[in-house]
Amino acid sequence: MPSVFIEELDAESYATMVAREGSTIIIPTGATEQHGPHMPLGVDAMLSRAIAGIVAEKIGALVAPVFSYGYKSQPRSGGGNHRVGTTSLGAAALTGMVDDVVTSLIAQGFTNVVVLNGHFENYQFIYEGLDNAVARARATGSESRAVLLSYWDFVDEATLEKVFPDGFLGWDIEHGGVLETSLMLLLHPQKVDMTRVVDHPPAKLTPYDIFPEDPARTPPTGCLSSAAGASAEKGQLLLDAVTAAVADSLQGELLLGSIQVEVE
Amino acid sequence: MPSVFIEELDAESYATMVAREGSTIIIPTGATEQHGPHMPLGVDAMLSRAIAGIVAEKIGALVAPVFSYGYKSQPRSGGGNHRVGTTSLGAAALTGMVDDVVTSLIAQGFTNVVVLNGHFENYQFIYEGLDNAVARARATGSESRAVLLSYWDFVDEATLEKVFPDGFLGWDIEHGGVLETSLMLLLHPQKVDMTRVVDHPPAKLTPYDIFPEDPARTPPTGCLSSAAGASAEKGQLLLDAVTAAVADSLQGELLLGSIQVEVE
Amino acid sequence: MPSVFIEELDAESYATMVAREGSTIIIPTGATEQHGPHMPLGVDAMLSRAIAGIVAEKIGALVAPVFSYGYKSQPRSGGGNHRVGTTSLGAAALTGMVDDVVTSLIAQGFTNVVVLNGHFENYQFIYEGLDNAVARARATGSESRAVLLSYWDFVDEATLEKVFPDGFLGWDIEHGGVLETSLMLLLHPQKVDMTRVVDHPPAKLTPYDIFPEDPARTPPTGCLSSAAGASAEKGQLLLDAVTAAVADSLQGELLLGSIQVEVE
Amino acid sequence: MPSVFIEELDAESYATMVAREGSTIIIPTGATEQHGPHMPLGVDAMLSRAIAGIVAEKIGALVAPVFSYGYKSQPRSGGGNHRVGTTSLGAAALTGMVDDVVTSLIAQGFTNVVVLNGHFENYQFIYEGLDNAVARARATGSESRAVLLSYWDFVDEATLEKVFPDGFLGWDIEHGGVLETSLMLLLHPQKVDMTRVVDHPPAKLTPYDIFPEDPARTPPTGCLSSAAGASAEKGQLLLDAVTAAVADSLQGELLLGSIQVEVE
Amino acid sequence: MPSVFIEELDAESYATMVAREGSTIIIPTGATEQHGPHMPLGVDAMLSRAIAGIVAEKIGALVAPVFSYGYKSQPRSGGGNHRVGTTSLGAAALTGMVDDVVTSLIAQGFTNVVVLNGHFENYQFIYEGLDNAVARARATGSESRAVLLSYWDFVDEATLEKVFPDGFLGWDIEHGGVLETSLMLLLHPQKVDMTRVVDHPPAKLTPYDIFPEDPARTPPTGCLSSAAGASAEKGQLLLDAVTAAVADSLQGELLLGSIQVEVE
Amino acid sequence: MPSVFIEELDAESYATMVAREGSTIIIPTGATEQHGPHMPLGVDAMLSRAIAGIVAEKIGALVAPVFSYGYKSQPRSGGGNHRVGTTSLGAAALTGMVDDVVTSLIAQGFTNVVVLNGHFENYQFIYEGLDNAVARARATGSESRAVLLSYWDFVDEATLEKVFPDGFLGWDIEHGGVLETSLMLLLHPQKVDMTRVVDHPPAKLTPYDIFPEDPARTPPTGCLSSAAGASAEKGQLLLDAVTAAVADSLQGELLLGSIQVEVE
């Protein structure tokens, strides 16, 4: 297969692949959002697309064009929507896009549609679009299934301990921090400038949101924690852990059918 | 003040209160959702309304009628939308309700609007409605501010240790578990039947969602963890911790203005 | 049955009831709206919920959580949306809520869904949501039926003559008047303060609406007619007439199937 | 002025008229709906357009193109939406049309916008569109005002007694009856065939709606009362009463400003 | 058949026609838009309605009430939406109207629905509504088909040469020009005042749009080319060419079924 | 400047550029759509992004992430939405995306926003989103302007004659033809396989659309004309012509302000 990315495939080759039983497509979703002075605005889209590509190769799937724009960045997970560079969609547009694209992919014949999310704030709005699209398709006879995941939820405890030797403080403050920077150093090293990292302590965020947003809530860098500890090696650890776990889950889910809930 | 709940206030008394400088209204939001065999469908609405009432008394605020319906219950935080008894709104209706009600309350003259959420899945959709309503009001000259919070995010570590002596496993699996059941035993004891609690281990949930939902993913009870350890005493601990912390935060936020982010 | 109100039922008991052939749920709808100086903002929701409860007991139905917010109050039937205390939804949010909730209740298995309206301005927007929900459900095989009614339309002539001995002037000006006040004196006497009733003549309203609303169109009290003649006895007359007639209609409609139009 | 109907005016003449202080435009709204075997589908649009034209001449206003499609016909006021010939809009499309057209007319410079409604079921959805359009225009500095009315609400008691010598039974059952037929006999006599009138008693309608609609609820003719008593003479009485009263109201409203509510 | 225009048909006659196999209805769509100093605002609606009527007679179809309002006039095809007299719909309202009306006509039983467009800017928004309505109807078993066309696309080369002896410059600049004026001189001569035609050269338009619109982009007349060469004779040539070609296409399409693409 | 593509820029560098007077951003829009057996699905997005990049360098602008999904492919300009590989958005999602992204970019401070379209069917829906976003921004004080263009509209006659020596047949049938293939051979030669080009005559398309789409209308290749005559040299001619003309137009428009319409 010349490429897993469908934007690079001709329609005839693509049609052959879609027609396979069990054909699977992964839609990576990101955002256009500030990621501090040391990384570019496209981090979320770049990472979700790259991870989707590796997973697709592992499981024999295709990858749809990445969603380059995401839901409004929120102060507690992305610094806030008021920051210059952050260019967001509202709920209706994001949900509508997911619904339309998933509906189209199911209609073309995919057995499975996977959305691999790379922007924290997107999750619930993708959920709504996916739920509506699958429900509508099912009501008219489709047997297609869908899966929604955020890639960082697949990092295991052992990897966390290696990547965050001083203790892991939660995914919410990883915006522009060690996780994303390490993965970028591995996957897009020329797009990271570690000399511009500002080594400040993690943001102390309130357990609530205020409206309108208050620029003083998040550090001036736009990062919610320091990326000083990032490295390509950590990026490799994270990437291996995530892609293996996502591939395992999808293979289990999509081949073995319904998973039993374990109530030990 | 005869009542903090505005549905019980006459319009004249209400108008006097709204006209005060710094007038604040709290909108509690819940859901109509199965909560296992031992608790009623209205748990989320009952708890958020009761907590809002106590906080309102502490800070001199009013409470709007509770939102009795919430966003689709998701398997990883509420058991799933397919369960009988769970009666949900989609994204557009919930977001639209928040937008309309908040817009109306700001137009009537409230200085501050607080949404106190009691149903996990609601948060992002309330965020969207609140963000749109406040942005629109601000664009035409309003100085009103808004706050959005979920009450469980205000339980401190010390309380967690007392309530979950065997270790706290995360808010996501607290659906129908110790937190909600303890609060219900305190606030609405006649609506809890502890003899019907099924003492099963916590649900082992996947780190992703599938569509359509798989009923086998969550325990047959509909609860994601056991409520066997619940008690009114724990309910009191939780209620005191939450209402004190929420009241403190709101007083700090709404009186002192913009909070500085602490970057130690 | 411990309660007809589903927010107070556990999911297991509820599921048993829903599974019955001919299972019926009543959704009461109200508003948050000024009702003069002598009654609270929640009158419409309180009355529709209470009436739904009594009807449900008579016909063996359940009652869903009341819709506490309603469509914009209009000057000719509620005094107007500009009045402090009146907190309304626009058309899209109200219609969307009805559609989502009715769709969910039909999917859970109810044979019949009844919306019992308590706020004049809601009717057409509920109609739209109900019509869309039932049409969609029917298109995919559902046999469920729905009924929409406003409770005051079931007061018969004989009762009207007793309640309004000086002549009945129309439901439109009954906002905050004898009907609602009498029912509140019966059902929620502690929430009515008859000493605050202002005994003014009925509002003389224009047969058209103007935009923006003109506060001078309706009496300063917010009531469109005087509640001076209200009493709990009249409330009992009205309640008996309404609940008997609604129950009769629903029993006839839902058991006997299609009613023949009588063209004598 | 060559015509009050703007579809027949050239843009230059129109622009001159719009620029006048106090310039007023009337939007007639109707429906495409069965009106029995003796009248055509366009009755509502024809009548509202004709009445708007006469009123416009009396008060010096213009008339916009009629809205030929209206909200879903309901069994209790139009026979029902299931009848062949009845071709309706849902709430969103009708409300959106009103909003867009009114917004455009205000932006062009009209001081006053009047919607003259000729289809019972339209009223609330026009109200929503008009309310939103005027509120948005006002928020950005417009001083324009709007009026919404249904023409039959302007028939006085004396006229009613003459037109319905055996007693008036209410506007709701006038669908295809004496009012509309008499006006059509006067204004579009060649489009009425009185030999096809079926002289049946008024429909006995239930005080509630059912979903899906039941064709047996309304008489097979599609009329809710008999048009046998209709005549062009009655049409003249009705037309004179309506146009005089509407013109008077608009002149009072639009010239004299805010009307005082009369509390005698 | 007394009339092809359904607003003039009674419901019984109409129902008989709809029930025929192969029954076809044509929906003409226009706009309310300035057309220079020599023609009225209703040109687009008048022409599409008249052409639809002639085509309907040729092929045995009916004609639905014309859509009198259309999508925003754009500078490059209609002079621009900022011009006084131009009264437009946004995308959602126009698309929603088409969807609702087409859905209703298919549900009533028409085998074929044709939209005959008379306003350049409408096309894509009608396409969306028609595509959605037919897709939804098909998903629930309908066999109905639809056709969308703009009438000017059916003028053949030979006619073009006769009507534009000095060369045809494109349909986009025909707004208020020879095509529309000639057709109006033929069909509605009393609504054209040729003495007011300003004989200016065609507008030189940019190959892009700017926002906000720039009034200086289009000639002060509002016409994009001169109507000086218009005549009723040219109108007859155009009308004959268009109605013959549209009728031929529809007869071929609707009787013969799927047309083969010719790849010579 | 390291890159004109903002996904590759860090937020600090970006903020500096946005703050410049006259700052301009170009949003390229494409589609995911079959382009025959010889080109990949991403052609429209690849070309609009590449052209936007060159124009941006010429005029000192930035380029936002490309819109990878576009409006439904139509048979007469893209082969049709039913073809496998074609993955489209409906009108609401596309219009909403444009509105949200443009609103965000204006709020961040850009003086000018340009949408450079690369998918025929997108134009009107982008127009709607852009018009709404700019109108709303202007209503609250913004001075920003926007431009919308499709790149092929900037190919001059001289270039057309060189690229299509046998005569140019119109942009509508250029889907997968000489224009796109030549540009791809120049810009992404490794993604074109000229050995797979099928040399068939241009599709003979009807001047109307049918619903549902008929797969037999367009050639089996999915291309509407043959790409056999394509070459990188022609690609260079086209690219030079387009980028020079677009850059000239934008410089004239954005520096010189309002352009006078030339009426010679």
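Structural remarks
We just call them A, B, C, D, E and F in the order they show up, numbering each chain from 1.
Here is the rule we use: a contact is a pair of C-beta atoms (placed from the backbone, for glycine too) under 8 Å apart; a residue touches a chain by one contact, two chains touch by 3 or more.
If you want to know which protein each chain is, UniProt gives these names: A, B, C, D, E, F = Creatininase.
Predicted, not measured: the structure shown is a model, and the values here were computed from it.
Looking at chain C (Creatininase) and chain D (Creatininase), not one chain touches each of them.
Using the contact threshold fixed earlier, the set of chains in contact with both chain B (Creatininase) and chain F (Creatininase) is A.
The minimal number of chain-to-chain contact steps leading from chain C (Creatininase) to chain F (Creatininase) is 3. The greatest centre-to-centre gap from chain F (Creatininase), using C-alpha centroids, is found for C. When chain centres are set by their Cα atoms, the one at the greatest distance from chain A (Creatininase) is D.
Once the centre of each chain is set as its mean CA position, chain E (Creatininase) and chain F (Creatininase) turn out to be 28 Å apart. Computed centre separation for the pair chain B (Creatininase)/chain D (Creatininase) is 47 angstrom, with centres defined by C-alpha atoms. With centres defined as mean CA coordinates, chain E (Creatininase) is found 54 Å away from chain B (Creatininase). Looking at chain A (Creatininase), residues 90, 92 sit in touch with two or more other chains.
Contacts between chains close into a ring here, every chain touching precisely two others.
Remark: chain C (Creatininase) residues 71-72, 74, 81, 90-92, 95, 121, 123-125, 127-128, 130-132, 134-135, 138, 145-149, 153-154, 200-201, 203-212, 214, 216-219, 249, 253, 258-264 touch chain D (Creatininase) in the complex.
Of all residues in chain B (Creatininase), those touching chain C (Creatininase) in their complex are 6-12, 14-15, 18, 32, 34-42, 45-46, 64-69, 83-90, 92-93, 96-97, 99-101, 104-105, 108-109, 191, 193, 196, 222.
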